[in-house]
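Down below are the structures I want you to see.
One chain, chain A, links the two complexes that follow: it is found with chain B in the first and with chain C in the second.
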Partner chain A sequence: MTTGYNFAYLNEQTKRMIRRALLKAVAIPGYQVPFASREMPMPYGWGTGGVQVTASILTPGDTLKVIDQGADDTTNAVSIRKFFVRTAGVATTEETEKASIIQTRHRVPEASLREDQILVYQVPIPEPLRFLEPRETETRKMHALEEYGIMHVKLYEDIARHGHIATAYAYPAKVNGRYVFDPSPIPKFDNPKLDDCAALQLFGAGREKRIYAVPPYTKVTSLDFEDHPFSVQKWEEPCALCGSTTTYLDEIILDDKGKRMFVCSDTDHCRKAQEKAA
Partner chain B sequence: MYVAVKGGEKAIDAAHRLLGEERRGNPDIPEITTTQIGEQLTLAVDRVMTEGSLYDRELAAVAIKQARGDLIEAIFLIRASRTTLPRYGYSTPIETSDMLIRRRISAAFKDMPGGQILGPTFDYTHRLLEFEASETPAAPVETGPADLDRTMPRVLDLIGAEGLIEAASSTSGEPGDLTREPLAFPADRDLRLQSLVRGDEGFLLALGYSTQRGYGRSHPFAGEIRYGEVAVSFTPEELGFEIEIGAIDITECEMINQFKGSAGVPPQFTRGYGLSFGQCERKAMSMALVDRALRVRELDEEQTAPAQDEEFVLSHADNVQATGFVEHLKLPHYVDFQAELELLRRLRREAQGLDQEAAE
Partner chain C sequence: MTKPLLVAENISKYYDGRVACEKVNFELWPGEVLAIVGESGSGKTTLLKCLSMQIAPNAGRVLYSLRDGRTESLSDLSEAERRFLMRTDWGFVHQDPREGLRMGVSAGANVGERLMAVGERHYGRIRSTALDWLNRVEIAGDRIDESPRNYSGGMRQRLQIARNLVTAPRLVFMDEPTGGLDVSVQARLLDLLRGLVRTLGLSVVIVTHDLAVARLLSTRILVMQQGKVIETGLTDQVLEDPQAPYTQLLVSSVLQV
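== the complex of A and B ==
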């Protein structure tokens, strides 16, 4: 463990400021709470929001799991895990069941989470309306007035043009019947896992200086239409390693002749399934 | 056969060792020292301090060396280090009219009290590569006239007396602190200036340039540019009086801009303000142009150009944020890419199906 820094890098005043933002976020599910995000020793875009949230809630007794694209051994997940080992000396794990805090980028673990777990999401653009209306002054008003018409129009135009809603990840959802929020760039496959989840879900956007939350057992409804209900991705083949047909799969290109295979994106879940089968 | 993408940790360690090697370069060439950087690459140090929001020449030199001369990377190192520093309080405002002048020029007046002091500048050099420059020991420069020691009035204060120029705005109450509260829009001038001073020099340069070329034109004159040393004072609560804790080099630029007047205000000159640590003159000038451009709301002007759009300017001025988000595209995105692939394949399959139906 590296000495010379406070536990988990951030000083206590900063943690207190972030915890206050977290409490507000939990109290108003899906509302984006502005917070005085700090410059972290990793670049913006590398998960500085998630790292600040994790640093603020971490205690010496915690067991931390960090995943990126569902995997524990992707370079950025390795780097963030190392950062907390160095600055906080906490135990780490690759097993979803054994973790008390899971920081993730782009995926929700396949295994269901428990009440004693917290899932921390890294968020690049917290504003679901940003690409429809780039101005913060406008989008804040829309949220305040619960004026989400432009989002529905966008989804409708997708259907009119393509026959489908053409949003495959960062799929907008409504939290607790009030705020439309961005679940971070997880594939829409993962959206149903956010609904009524036993674990506390915290979202940190460092560059954009926003924190939001989905408290345990909160309704999260992916936006859709009665005649075009929300649906998730499906694959025509099972995972080539564990044979799963119910998990999110990554496509691996095997040669230059178009040969490819599909494997679980959640490496821990896949390994467990293989062990069970063996 | 599927080769698991394992060994990320080993690869990262190896990559970092390789980086260390590259940074050092050929070991037969003497290693550059941070003292040399601090003494000889002073303008790089100035920029890193300004945009890193931390006045510390030694740390900035260390950062420049560690970053292999990549100044945005060095600025990032300084910002990250700044995060861990405790905050004791705020200094009392520096008084730039008490500056120990090293350079002071005005493009608006031929002469004024205190005179034009060129100081160290590239301005009138011929940009001819001086191949021998590093070898030649520079002859010591004759010391300037003795009255350089006295402080000089600021040029804009001289014409201010006549009422031709708006008063320098002093917002009542405490200024905000961008590093302690997230920036919210619309932003007042105190926060806009804080945001601009740590904003990327290149971005502000381009925006300032755009105002000169007609995108939000504000007819600027360089009223005064001064560079020199100012004292920094602090009032500790337990003492209750001000003590001088040090001195810093800064560059200040005050632009004079035309203003046609509005319903409530007669025509007068208006101000644009720029400030930097060290001698970041280009930065201070660009900042002053952009500051003035961003005052459209306050001066009841029509907003027509990018440089006048505060959400656009302030949200994109910070190079640490910008470089992070641009470069994060290097991180794996295969989950989302897979989601897009799946969608695109489905859409194309359906489109082809429809085409076939149409053909039949």
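== the complex of A and C ==
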């Protein structure tokens, strides 16, 4: 651990401010709490919101896992993990089961999470209403008055254009029967994992200066129509490495002749499944 | 027992101390079409915006008879109640349809939005209602998935009307709904509006500087000059036998054309 930094980089006053925002977010599930986002030694788009949340909840005894698109070894995940090793000296792991805090971009781990774990999401755009209503004053009012009709306008457009709800990522959901929120750009495959999850889920948007949360065992309902119910992605074939038929698969192009295979995007889960089978 | 749908009491609005409209009083009865006429700058739009709560008047109040039978001053309603009223019981047809439409989504979504806003969650029903309404405003059903950007000015205006009427509002505010259109398109739109108003029994407050529009659509007329109502009465009577010198001038200038 490098000296000269405060533990986990942020000073204590900033952490207290962020923790207050987090407490408020937990108290009002799905509500976007503004916070004074700080400059971090990494560019926006690299998960500065998630990093600030993780920095504020991290303790020396924690074990941290960082994933990007389900993998621990991508540049973004590696650099965030290194950052916390350097500034907080915490233990890290690639195993979901061994982590107490998991910071993620674009995926929810396949293994079901426990009460003693916290999942921290990196969020680029927290406001689900923005695509049809760019005015911030108006979207706040819409949330306050539960005016969520335009979320269905978006789904209507999907069906009119594609014959089905084509939104596959950042699929909007309602938290605890009240606030509509953007679960960050995870595939809609992961939306059901947010529902009634045992772990605390925290969402940080750095550039947009917003924090929101889904407390443990909270209802998260993906929006849909009665005659076009919510459904998740399915694959024709199992994972080429572990044989799983229940996980989210990435397509990998093997050569320039169009040869390809499908493998689990959650690399830790896939490796475990392969070890078990061996 | 019937009572007025809307009552304007002493509505006044000033901008920097200058009168935009002053001490306007009238009653609008169910099924009635009231035309507000007057020259440019006479305060027509300002009055309409005060009535429909888009701006707050400096003095006076607007009483409205809600669907549940209560009569309330609009300023006493909570913001949630007011916004709910606006997208269910009221319609607002803007002169520029781009202000009243969502140009980024399809015609079908434009018509369906209010249904979804009041909780309709069945795609098939939303779509068939939208088709029905496109038909009623004479837009071909096979253009339902197109953006209103592809539509002509007249089609956009008809789409805006369908979007407003889909929740069966009782009161529709219109500000120069035929203003930007050329004459033949105007005539067709006026015919359509007249038919809808009759079959649906709508109450309407329509702003126009065109006396021909007022004659065709309205039952009563309110003539404004420099922010004040200078004459009011049954449209036919006022246009046949105008009392105020300014109204006489308006009427005779139209007849000369």
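Methods note: the second predicted complex is superposed on the first by the 278 of 278 C-alpha atoms of A that agree within 3 Å, B and C clash if a C-alpha of one lies under 4 Å from a C-alpha of the other, contacts with A are read in each partner's own complex, and residues count from 1 in each chain.
Assume a contact is a pair of C-beta atoms (placed from the backbone, for glycine too) under 8 Å apart; a residue touches a chain by one contact, two chains touch by 3 or more.
Keep in mind the model is a prediction, meaning the values are calculated, not measured.
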First (chain B), second (chain C), both or neither touched by A:Asp256: neither
Partner chain(s) touched by A:Glu226 [first = chain B, second = chain C, both, neither]: second
Partner chain in contact with A:Pro185 - chain B first, chain C second, else both or neither: first
Chain B versus chain C as contact partner of A:His152, first or second or both or neither: second
Contacts on chain A seen with chain B and repeated with chain C across the two complexes: none
List of chain B residues in touch with chain A within their complex: 1-2, 5-9, 11-12, 76, 79-80, 82-84, 86, 179-186, 311, 315, 320-321, 323-328, 331-336, 338-343, 346-347, 350
Residues of chain C touching chain A in the complex: 79-80, 83, 102, 104-106, 108-109, 112-114, 116-118, 121-124, 126-127, 144-145
Residues of chain A defined as touching chain B within the complex: 5-6, 9-11, 14, 34-41, 43-46, 48, 68-71, 73-79, 82, 105-107, 124, 134-137, 162-164, 166, 168-170, 185-189, 207, 209-210, 233, 235, 240-241, 248-252, 254, 261, 263, 265
For the chain A and chain C complex, residues of the former touching the latter: 132, 141, 145, 147, 149-150, 152-153, 156-157, 159-161, 224-228
